[in-house]
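Below: one structure, written as structure tokens.
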Amino acid sequence: MIFSMTPLDKLIAHFEKFPGTGIRQARRFAFHILTLKPEQADELAGLVTSLKNSVVLCPSCYRYYSESGERQPLCSICRNPNRDRSKLLVVARDSDTEAIERSGVYDGLYFILGGTVSLLHNPKDEQRVRSGALLGCLTTRLKEDHLMEVILGFSVSPDGENTARFVENHLEPVLKGTAVSLTHLGRGLSTGSELEYADPETIKSALQSRTK
Amino acid sequence: MIFSMTPLDKLIAHFEKFPGTGIRQARRFAFHILTLKPEQADELAGLVTSLKNSVVLCPSCYRYYSESGERQPLCSICRNPNRDRSKLLVVARDSDTEAIERSGVYDGLYFILGGTVSLLHNPKDEQRVRSGALLGCLTTRLKEDHLMEVILGFSVSPDGENTARFVENHLEPVLKGTAVSLTHLGRGLSTGSELEYADPETIKSALQSRTK
Amino acid sequence: MIFSMTPLDKLIAHFEKFPGTGIRQARRFAFHILTLKPEQADELAGLVTSLKNSVVLCPSCYRYYSESGERQPLCSICRNPNRDRSKLLVVARDSDTEAIERSGVYDGLYFILGGTVSLLHNPKDEQRVRSGALLGCLTTRLKEDHLMEVILGFSVSPDGENTARFVENHLEPVLKGTAVSLTHLGRGLSTGSELEYADPETIKSALQSRTK
Amino acid sequence: MIFSMTPLDKLIAHFEKFPGTGIRQARRFAFHILTLKPEQADELAGLVTSLKNSVVLCPSCYRYYSESGERQPLCSICRNPNRDRSKLLVVARDSDTEAIERSGVYDGLYFILGGTVSLLHNPKDEQRVRSGALLGCLTTRLKEDHLMEVILGFSVSPDGENTARFVENHLEPVLKGTAVSLTHLGRGLSTGSELEYADPETIKSALQSRTK
């Protein structure tokens, strides 16, 4: 079969692997490529090929970053002297970091786990999440920075909560006996929450974390 | 026109006024009534007529309640000696009270405002919400019970937040100089929240109210 | 349990049986009843009780109708001398008749089957659909009117198509040897159909029934 | 600003131009590219660059096609001796052709217009649709093939119907005096249509095109 696939079929097959993309959207993407001017197609192709080289995985927080100027050893957050080095927020993905940075209310450092640990036990997931690297990062920070708090920032979903438990189990032996506290993002009513339709867990959190 | 409306049309018109019900659903409801056995239709009609008589508005919390036994002067929550009388949770509607009671984590008393104050200023709304009655209730509780905290429990929506501000403005002069604190339900990630899609306000609250 | 149900609970239970209504909407309906003025509640109750008496099942087409004037032996469609009595359109429900009348393009008579015959064989369904009455109606029309065509008008869904087959099997022996033709509503692109997403069956019908 | 855009930003900007893709999905696509193995990224880039060269616009029907074997002067449909050359189906896009081919019920030829003419008059649209090329194609077919029917196959939407009118106006002068008929795909109930919710136009078509 593979021998009879046309370039168009092959391109559609690539697009089908894009996150959240089905066969129909993949086909539309391919027809979109056909409408590009040659220089646009070339630029897109060039970016696809070179992205990995232009993007660096920060060796400290494991965030992908892409910089136009001189290559730096660490990402812009990790090397920013104004960030509070006593706080480390562990998140699943780069997109979580971006959402938090957009909110402009966190001034500590990050660690990107690179994925979640799904409830349905799948050893591959666990290899994907960088628990070893996280332990290494923690050990360094405990020594060099005055780490005071590790915040677990995961979605309130079965996988998010399972990942929180998984990371907690990994970190507890290391943090035992240190002054570092392990916290979770607070729960409560979020923007758009209707009290009438809120689930018991959310109501409980909202009552416990009430504010003046 | 009104003279030529058939009973079927009139019933459909009644159903159209039911909350969240359009003309098509109203028609389906009318055809559903046609499929009822006479004794079922009679029971339904009897309940519609007598509901108001069988349901009492609690003179203390303004909650509707319906009891099968002997008539009581107060609703089951207000007369429950095990409820913590130092806390008063102000909500918009009976359905909010029900959601909180289902969660089983609140043991104080309630006050049902009877509606929200919409952002688009509408004097009718303000008459609908029982701010006068709320002030009376507070004055009584300040004297008789050892009221310590008034909790505002409104949805995180423009109208919910406007109602919270409105109630706050009403209560502040009364609470000034007392030991009673005015609090809000806590905000944060709610069940199902994806960190990546959380809005800045929710992320901010989640960071501020982080828990061990 | 039934003894401890309050009138409010009983009313909510009635509303839960309304088509497409869950427990939450049922509760909202009950609280809506509480906001009615006594005369509104009484009118609604009166209509619920008397609907069946004010509405008549047409003995010819089995359509429910409700008339404000003098009682007539047949519904307004069946007794309308301008309707084409050579065509009989068999539909599942009163609401189908209403949709077709709104379109204003059908001038024949109807027969309301009263339900569909679901694919998952359920003898109750078959009793609900008035196949016996349909045969009687046909026999009368064959004699008295110059019936030329029976049109099956069912939704294009598994149940609709199964009902069409069921009715076809019932009618074929009766229509055999007569000049009456048995037809189906035409298929093709409907308003809003996107050619790109149309299923093969619809495309096939659209090609077969192309028009000038 | 353009000078400070990183390669990652540039790639995201490219993905944002993909049909139906917002900024968030574009970002996910970019992060997906980061997870590709170098050889996968290279293959994808190669396909993007070379797609136009590997894909040919059929000079007869204006369909894009991509063939792995020897280059042919016409697409596989146009050069297929078994296709009925007396029928020409005019559609807006390649994806429409694909949907019809999947249904397996059309054996004639196609002409791909390359777009729709939107109701809101936009001269660019009209340039995009290949009305000149369509006239040329028709003239050829009228001479060489025994063209008997031009079928307009557009979605039943405001733009689709406007395009049909636009093409009709273009073709009428050419077809006048010839034996070629101009037809439209048939309308009626499509798969999934509920009679109760069908619009008057669809009901009308379904009644007019009823089948035995």
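Read from first to last, the chains carry the letters A, B, C and D; within each, the first residue is number 1.
The criterion applied here is as follows: a contact is a pair of C-beta atoms (placed from the backbone, for glycine too) under 8 Å apart; a residue touches a chain by one contact, two chains touch by 3 or more.
Everything quoted here is computed from the prediction, not taken from an experiment.
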item: Touching chain B and also chain D, the following chains; value: A, C
item: Furthest chain, CA centroid comparison against chain B; value: D
item: Distance between chain centroids, defined by C-alpha means - chain A, chain D (Å); value: 39
item: Centre-to-centre distance between chain C and chain A (centres being mean Cα positions), rounded to whole Å; value: 54
item: Contacts with 2+ other chains: residues of chain C; value: 24, 93, 95, 98, 197
item: Contacting residues of chain B [partner chain A, same complex]; value: 91-93, 95-96, 98-100, 102-106, 151, 153-157, 160, 181-212
item: Chain A-touching residues of chain D, taken from the complex the two chains share; value: 3-11, 14, 17-20, 24-25, 27-34, 36, 38, 40-52, 54-55, 64, 66-68, 93-95, 98
